[in-house]
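Note that chain A is present in both complexes that follow, paired respectively with chain B and with chain C.
And now, the complex of A and B:
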């Protein structure tokens, strides 16, 4: 039972990371329809931001974290201005910005690789390398920190979409882009904000996970795949779907490794099988988008 | 008239020949390098290439090989076996008389299809997969990286006193990680040690806790690490420390790279690892001093693999007497070269037609003392 509960904490923390990356995808897909596979590289940039500010410059963790998030807002916004907006304004098909963003993926990865070299870099833990026991639940401090930070982000995202006018604007653009424009919603601003928020969500995911896996130039693509799988499982329609998908994916991965009678290494196939099954059987994911209200 | 033209032309022709003469003498000996500049092997290929460039500069500073400068032709295969053979072909067509392979093991394997057909000598100074010389009967290929089978035999030789009965084995899902795990398992079973549990940590995962829980449940006498991916190995060490486990860890040569001292700070004390680099060896001390003087940077073991590769090839070309591929092939087979890598007194050699040149007794076992790579505690397989 101890193993089971410890693993539950570990899987929840991993699921939160996947959920943050899935949220980054979702924030951009909902209003624009654009799948940005460079979110993994954004996470990597966030991780290296943590390395620079927290390891090298030794800033206090909250200050460094806030600076990384601010920088990632800028990265997301700039990516939209450079790789998306020019194509949209020229009336390019939807595939064009998706491909341009794939190009940006390479640009981010190679820039980081050139600037920091190929070796991994340590990013510090905010509360050290210790172990917390909360009743029957036990795990590294970092797992609980990841869970807490992710819950705050998802709560904020939910409140934004449900309770603010700007959130309603996003939702309106997601439901019908042209109609939203006709009622005066600035599509360009919504798109730019969605990319900026996506950058911040992905950057936070990268910063949080980098304390465990370190910051390295190849960390982006696996995170992008895990986040995309979580998004497919949870569905692109609702914010909470991203978190649900991430948690389901992480629990499936880790409990298969621990308890399924499979030879070593076979458990790696579980996420891919889940991805295929959901694409085939429930392409909308577990949580469908709300219908537009009359 | 003809006589006047001849009188005018003679000095011009003489001048031309004088100019052309030195140009011929300046022809270079081209050594090709297939490396990985952007892919997963980059953390290892990059320092190895730096060692190669340093070695070529050293050779040229001392007059080159056979009186000719060494010219490096470098191609990037991105760690992709599917384009690696094309890079080897490009080097052959460009006139490389030898190819050094410092990309991934599967990429090196693919290059052999070209070097075997083009009869161009090829060597990897750092790949460790045991299968590189067994899958193709390629008489133009050699390997001087320390084989996985040598690594596990050396580790077991050191651990013999511990009387291990049941152990755990953990690796990652990279090609080389899987290959090393295969040879680690074979070496353990050959020694009568049961592999009670074997786990794989996939590339890009966010935790190794489920794998470590399974290992903890199996209660092994020791844990052997065969993985080669640094971030995943760090995750393994973190899960091990978090779980408060006490059984000893014996690792492949991957833990010999110095990056662990910073990225796995606080996790390393007491871990033994196998290495092909003895900092106390006179050749190593000389290499480090020369490298620092020339570049201002501190080299480590991976630089040594690249350096030894070029020096070994230069030695073969010298003994061949000409940059002729067939003569170099014959000279390679009679190599006996003591380089930077390996235990004190070790020399690379390919006796009795063998094409793996790392001495089975040439590895050392070292132990982490705190976060520092400590002394050599064991040498070879005796």
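And now, the complex of A and C:
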């Protein structure tokens, strides 16, 4: 039982990371339909930002974290400017920006590898090592920090979509692009904002996970796969779906490693199997999108 | 008849080159030909049928590994091993394509990305069957009727593979099926209204091109006489996509130009920037999509048109 709860805490923490990556996808897919596989690389850029500011420059954690998130907003916005907007304005098919973003994925990764070399770089913990015990639940500080930070982000995203006018604009664009444009919503601005927010969400995920796994230039693609699997499980329609999908995926992964008699490397196959299962059985994900109200 | 003469003439000309090259350049030439074969079949999958998949290079690896395992661990004769290797590729391809093409959007891209990742995991964890991280080494092409094909003659085998791939895809592209693929790519609803079975067309195109990639992998297995996990990494799946886009998606000539250019580019660039040529590929890819969506062939067409 102790073992089980210990595992549950660590699975929840990695589920939160997947959830953040899934949220980054979702923020961009909902209004634009564009799947941005570069989110994994954004997470990596966030992790290296953490290394630069927190390990090398030794900024205090909250300041460094805020700076990284601010920078990631900029990265997301700039990516949209360079690789998405010219294509959308030209009326290119949806595939074009997706492919351009794949090219950006390689550009991000190779630039980081050029600048930092192929070795992993340590990123510090905000609260140091040490364990926190909350009744029967126990785990490293970092796990609880990840869970707390993720919950704050998801609460903010939920409030944004449910309670603000801007959030309603996003929903409107997601439900019907042309109608939204006709009632005066600036599509370009919604797209730019969704990419900036996606950059920040992915960057936060990367920063949080890098304390456990170190910043490495190849960390992006696995995160991109796990994040998207989380999104498929939860459904692209609702913010909560991203978190739910991430948690389910992480539990499936970690319990396979712990209890199934398989080599640990095969845990990487869990996302593929879950992806296939959900595509076959429930392609809309667990939580369906809200329909337009008449 | 004239067409046949032309194909045979091309085969002889391309093979003859190999007899004038030294060992090193023969090796470069063989790999160039294999990239051309892969780019041709990937172009049919991505450029003509419009399916974004990252599994093409994994199928190349599946073909290479399965022929080696079937030959030297199951001790099967060469023709049986080749046929069974193709069967393995077809079964895996069907298993991936049937669930993911039922849905719209880019699910295939994601499933195939995960498959490519999983393939490397299986290779690394496969124990004695796949040889783990070191892969399988020290095997030789079995003799056929007492003759072992080696040196430039093996390059000729690769030339035949490239031309067979091109011939099959060429004929297919000009057939009913090729037009159905293009229709499905450009407008699935309209294609469906015209009586094309969209899902089936996608599944057949995916399976066929994946099997062609597997066949190329089988030929590759005896180029270096080594198969190991790093050779079949995800990097090369991206490279293949970039080759087709930079060269000109949807055109056989584009795939060939893209493969030749991106394969030879690192030889030119490495004295300048070392191993970071992938950065140049990424920039080329973004530039191609933003500035010239038809790729190099598009530029050529425009120059010839004006």
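Note that in this section the second predicted complex is superposed on the first by the 286 of 294 C-alpha atoms of A that agree within 3 Å, B and C clash if a C-alpha of one lies under 4 Å from a C-alpha of the other, contacts with A are read in each partner's own complex, and residues count from 1 in each chain.
The rule is simple: a contact is a pair of C-beta atoms (placed from the backbone, for glycine too) under 8 Å apart; a residue touches a chain by one contact, two chains touch by 3 or more.
None of these values were measured; they are calculated from a predicted model.
> For the three-chain model obtained by superposing on chain A, do chain B and chain C clash or fit?
clash
> Could you say whether A:17 touches chain B, chain C, both of them, or neither, answering first, second, both or neither?
Once the two structures are laid over each other on A, A:17 reaches chain B alone.
> Applying the touch criterion given at the start, work out whether A:78 contacts chain B, chain C, both or neither, answering first, second, both or neither.
In the superposition, A:78 contacts neither chain B nor chain C.
> After the superposition on A, what does A:275 contact: first (chain B), second (chain C), both or neither?
second
> In the superposed arrangement, does A:5 touch chain B (first), chain C (second), both or neither?
neither
> Name the contact category of A:181: first (chain B only), second (chain C only), both, or neither.
neither
> In the overlaid three-chain picture, which partner chain does A:92 touch, first (chain B) or second (chain C), both, or neither?
After superposing on A, A:92 lies in contact with chain C but is clear of chain B.
> Quick one: classify A:110 as touching chain B (first), chain C (second), both or neither.
Both partners, chain B and chain C.
> I'd like to know which partner A:221 touches here: chain B for first, chain C for second, both or neither.
both
> Select, from 222-230, 240-248, 258-266 or 294-302, the region of chain C that bumps into chain B once both structures are placed on the shared chain.
Clashes with chain B appear only in stretch 222-230.
> In the superposed view, which residues of chain A touch chain B and also chain C?
Correct list for chain A: 110, 113, 221-222, 225, 265, 268.
> For chain B, which residues are in contact with chain A within the complex?
Residues 38, 40, 42-43, 46, 173, 178, 198-200, 202-207, 209-211, 213-214, 217, 230-231, 234-235, 238, 241-242, 259, 262-263, 265-266.
> Considering only the defined contacts, which chain C positions touch chain A in the complex?
Those in contact with chain A are residues 50, 52, 99-100, 102-103, 105-107, 109-111, 113-115, 117-118, 121-122, 124-125, 234, 238, 241-242, 245, 276, 278-279, 281-286, 289-290, 293.
> Within their complex, state which residues of chain A touch chain B.
3, 6-7, 10, 13-14, 17, 110, 113, 117-122, 129, 131, 139-140, 209, 212-214, 216-219, 221-223, 225-226, 250, 253-255, 257-258, 264-265, 268
> If you look only at chain A, which of its residues touch chain C in the complex?
Checking each residue of chain A against chain C gives 35, 37, 82-83, 86-87, 92, 95-96, 98-100, 102-107, 109-111, 113-114, 221-222, 224-225, 228-229, 232, 263, 265-266, 268-269, 271-272, 275-276, 279-280, 283.
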